[in-house]
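Note that chain A is present in both complexes that follow, paired respectively with chain B and with chain C.
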Partner chain A sequence: MDLHLFSQFLISGLIMGVLYCLMSMGINFIYGIMKVINWSMGEFFMIGAFIQYLLLESFIGSEYWYIGVIISACAVFVLGALVQVILIKPMFVGIIEAKMEYVTIITIALAIFLRNLALLIGGPYIYTPPDYAKPTQLLTLPLSGNRLVAFIGALVLLGLFYFFIKKSWTGKAFQGVAQNRAGVQTSGVNVLRYDMLAFGLGTALAGAGGALMAPIFSVHPLCGLAPTIRGFEIIVIAGLGSIPGILVAGLLLGFAESLGSAFISPSFVDIYGFILLVIVLSIKPYGMFGKAERTV
Partner chain B sequence: MAMLYMENITVGYVEGIDILRNVSIEIEKNKITGIIGANGSGKSTLLKTIFGFLHPNKGKIVFKDKEIDKSRPYYMKEMGISYMLQEYSTFPELSINDNLLLGAWTFRKDKKRIKKRLSEIYEIFPVLAERKALKAGNLSGGQLRMLSVGKEIMSEPELLLIDEPSVGLQPNIVTEIYDLLIKISKQGTTILIVDQNMLKALEVSDNMYMLDMGQVKQGGPKEDFKDSIRELIKTSLMAD
Partner chain C sequence: MNLFHTKYLVFLILVLFAAFLPMYIGEYWQYVLTIAFFYAILAASWNLLSGYTGLFSLAHHAFGMIGAYTSTLLMAKAGIPFWMSIPAGILLTMLISSLMGIMCLRVSGLYLALITWAFAEVARNYFRLHYTFTGGDRGLESSLLFGTIQPTPYYYLFLGLLIATIILIVLIMRSRIGYYLKAIRDDSIAARSMGVNIVRYKIFAFAVSSGLAGMAGAFYGHSIGLISPIMGDFNEMAMIIIFVVIGGIRTMPGPIIGAIAVRILMELLRAQSEVRILILSLLVIIIMRFFNGGLMELYRQIKQWINKDKNGGTSAYHEIETPKQGES
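Moving on to the complex of A and B:
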């Protein structure tokens, strides 16, 4: 393989890695705040993609795809927050046993419900929104315009999210909730409100991902499945709860898939991530950046 | 006149199992009130109930003439109550400065006040000022306890609830922490302190309550406890 082709695969891995990070960040953020896994993230991704498709086809036109991404993310934020308030919050008020198990069941049920609702409304068809940008070139490398746009969009969203968490008062409160739930309440933070915001924001990241990647993965009821599986793979590789870890693991996964496709076969693209996961866990059982919990 | 009083409070973590039963106490303004008792007597539960982490099944809690027994923790903070948890109430991955800033959450838009309070807190705790950029997770047990106190007094509370300030600390650090609490009390903060270290609690308190199996066994000015404290310690150690 020549250097030109190799660098093309590397860039493709980089782009896909950053895109996967967006999904992982949402899952990780919700887990960090509420200590629950939202198994319906893929469906929020799918809803974001459907809203984007609808907006571009029927309302704003393809040249305003970026406005569509913002609207999709906002709509998914509202939907996520509503789901949290109606289905999940009741488990966090008062002392309730086995609330994590309840949340697991409810988010799996929600995933099945949303997927079937999409099937009922949109049918078993694959919709493809218009291209966001024309194919372009990076130095001598030809690049898909959609991938480049989604890559830049994902980088911007991840950057904004990082600065929001690190620099704003609200972000500090989120960090407080994640690190010491009782301690942050003694500061006067209303944790139930922050649970709702976290669920909304986490799902909004997935929704924005769906809208950004709509022309790449196309839009159909199962389009959130692959990014969700990648999202979970990244979290396990990184170690649950680590933001820098997610970025590193996302890029590694992107490279593994891209180079695996190049050197072995693109038919096994779904397997390379799992091979990477097994290798990392056999060396570092808590993930690359994860920490062992103190038990004694 | 009591700043806060609890009247016939019955509360528990699980339905049907009450940890506190018909507990009534009064906390006088500008005084230190101590709650003593053996492990499992309900001391920490009492503080959690006042701060709204638990809601009583029966009875009422009144703070400055307002019933607060159904309110949640964030509202307590807005009302002027702070709570230093037995477990550290700090954030290990945040810097000392950010920990203190989160203590100013209720007045986060008032930059002037935040700046003033930060410099006052650093004056009280020079050891924290020297390490303000350091992550709280790197501090020793005593320093973490100081950071917890600093964070909780950032908001200049009218009432400070303190749960086991001496637990796990060396005697010289315990003395340092208690000296600080006396200083805070002299600045006009009412304090309700829970401690297994009965002698230390007796030393600093103006009024005291002894809890036993979720009920108030004895209450009143600390002078009433002076003769019986050795007997109480003995009983409590035997109960442990």
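Moving on to the complex of A and C:
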């Protein structure tokens, strides 16, 4: 294999890795605040992609796709916050038992519900939105414009999110909630409201991801599945609750997939990530950057 | 243990009823009930693993699929007869699930769910993508166990398997091991400090429950004659969860009642096939949100209400609520 092809696979791995990061960042953020996993993340991704497709096809032209991304992210934010208020919030008021099991079952049922609702409304067809950008060249390497645009968009979103969490007052309140829910209440942070915001923001990241990646993954009722599997794999590899770990693990997964499909066989692309996961878990059971949970 | 307790009598009557049922219903409903029994085995064994032991696995359907594919592939490619290929399928499932159990030993709750989920998706994708060997999405033809597509023998086969599963799970839960498993669910550290070998019993729970799933899957493949990666679709896992939640998690008859009732309901709603899964998932959300306990909880409340009436307003069974302190 020559250097030219090798670097092409490397770039493809880099791009896909960053795109997967966006997905797992949302799951990780919700976990960090609420200590539960949202299993219907892929369906919010799918809803974002569907809204983006509808916007591009019927309301705004394909040249304003970036406005579509913002609108679909906002719409998914509202939907996610609504779901949190109606279904999940009541479990977080007062004394609760086994909320992890409750949220797992509720969000899995919600995922099935949304997936089949999309199937009922949109039918089992694959929609392809118009291209966001023309194919370009990076030095001598050909590069899909859609992927480049999605890569830059994902980087921008991740950067904005990072600065929001690290610099703004609200972001610091989020950090406080993640560290100690009881303690942060004594300093006047309404934990339940931040739960709602966190759920909305996490799902909005998935929705924005869906809108950005609509031309790459196409738009159909199951299009959220593949990115969600990667998102969960990244989280397990990185360890729950670690932001830099997610970037490292996402890039690692992207490289593992593209190099695995280059050197071994492209048909087992879904399996390389799992092999990586097994290797990491057998060495460090809580992921590369995770800390052992206290189970008391 | 009094064998003439009401519970055993009810169980016996239900078994006799199920045994004589095929004389009165058509082949179509026999087939429906056969499939319902298959799902009841999956639901009951998932309840053993996730309800009683608290290991929230999302790979149960995948173990059923692995059992089915192992047995069918052994028969088709190596020419091994039924009586060897089906046990081989069960053994392989138990082996894989034990390895999974060992891998998941040091991780708790969410990690376990994530890892098992990823495993199930990977297994499904393997069977889909390695199509030269497994037949891929087109499916794989499996030879029929009784050489006929007439459903009555398969009905009795699955009825027998279901009864065997129920007896096995009841025996486990009534023995010393059952208390160990419950102790691991409630507080694994306390269980370990009381001398329960949690490593051994976690792997035991994984192996037994997945072995049951593998057995159900292997027989299922040889009963319907065609297996495909659809068996490993996440919808199947969601259906198992739906059965268990609607019936009542952590109860013995709950998953079985839930599976059979929901399968019959799904058949009745066959004309609106797109809507039925929507209705079921909404039902699960509503049950979990407002009524945490399913059909068995409803039964318990009705029984309690009747008892209260009989005793003139004072309940004989006081439910002592001891909620655990949450984090919030």
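Here is the rule we use: the second predicted complex is superposed on the first by the 293 of 296 C-alpha atoms of A that agree within 3 Å, B and C clash if a C-alpha of one lies under 4 Å from a C-alpha of the other, contacts with A are read in each partner's own complex, and residues count from 1 in each chain.
Everything that follows uses one rule, which is that a contact is a pair of C-beta atoms (placed from the backbone, for glycine too) under 8 Å apart; a residue touches a chain by one contact, two chains touch by 3 or more.
A quick note: this is a predicted structure, and the numbers were derived from the prediction, not measured.
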Check chain A with both chain B and chain C modelled on it and let me know: fit or clash.
fit
A:A262 in the overlay: touching chain B, chain C, both, or neither? Say first, second, both or neither.
neither
For A:A173, using the defined touch cut-off, is the partner it touches chain B, chain C, both, or neither? Pick first, second, both or neither.
first
After lining up the shared chain so the two structures overlap, which partner does A:A133 touch, if you call chain B first and chain C second: first, second, both or neither?
neither
In the three-chain superposition, say which chain, chain B or chain C, touches more residues of chain A.
C
Looking at the overlay, does A:I152 come into contact with chain B only (first), chain C only (second), both, or neither?
neither
Chain A-centred angle between chain C and chain B, computed on Cα centres after superposition, in steps of 10 °:
90
Pick one for A:N190: touches chain B only (first), chain C only (second), both, or neither.
first
After lining up the shared chain so the two structures overlap, which partner does A:Y31 touch, if you call chain B first and chain C second: first, second, both or neither?
second
Using the touch definition from the top, say if A:I229 reaches chain B (first), chain C (second), both or neither.
second
Looking at A:L117 after the superposition, I want to know if it touches chain B, chain C, both of them or none. Which is it: first, second, both, neither?
second
After the superposition, pull out the minimum Cα separation from chain B to chain C in whole angstrom, please.
5
What part of chain A is shared between its chain B contacts and its chain C contacts?
95, 182, 191
Please name which positions on chain C make contact with chain A in the complex.
56, 103, 106-111, 113-115, 117-119, 121-122, 125-126, 129-130, 188-189, 234-235, 238, 241-242, 245, 274-275, 277-278, 281-282, 284-285, 288-289, 292, 323-328
So in the complex, the part of chain A that touches chain C is made up of which residues?
31, 35-37, 87, 90, 92-97, 99-102, 104-106, 108-113, 116-117, 119-120, 181-182, 191, 225, 229, 232-233, 235-236, 240, 267-268, 270-271, 273-274, 277-278, 281-282, 285-286, 293, 295-296
Could you pull out which chain B residues touch chain A in their complex?
13-14, 51, 53, 72-74, 77-78, 82-85, 87-94, 98, 101-103, 105-106, 108, 151-152, 155
Tell me, which parts of chain A touch chain B in their complex?
95, 169, 172-173, 175-176, 179-180, 182-192
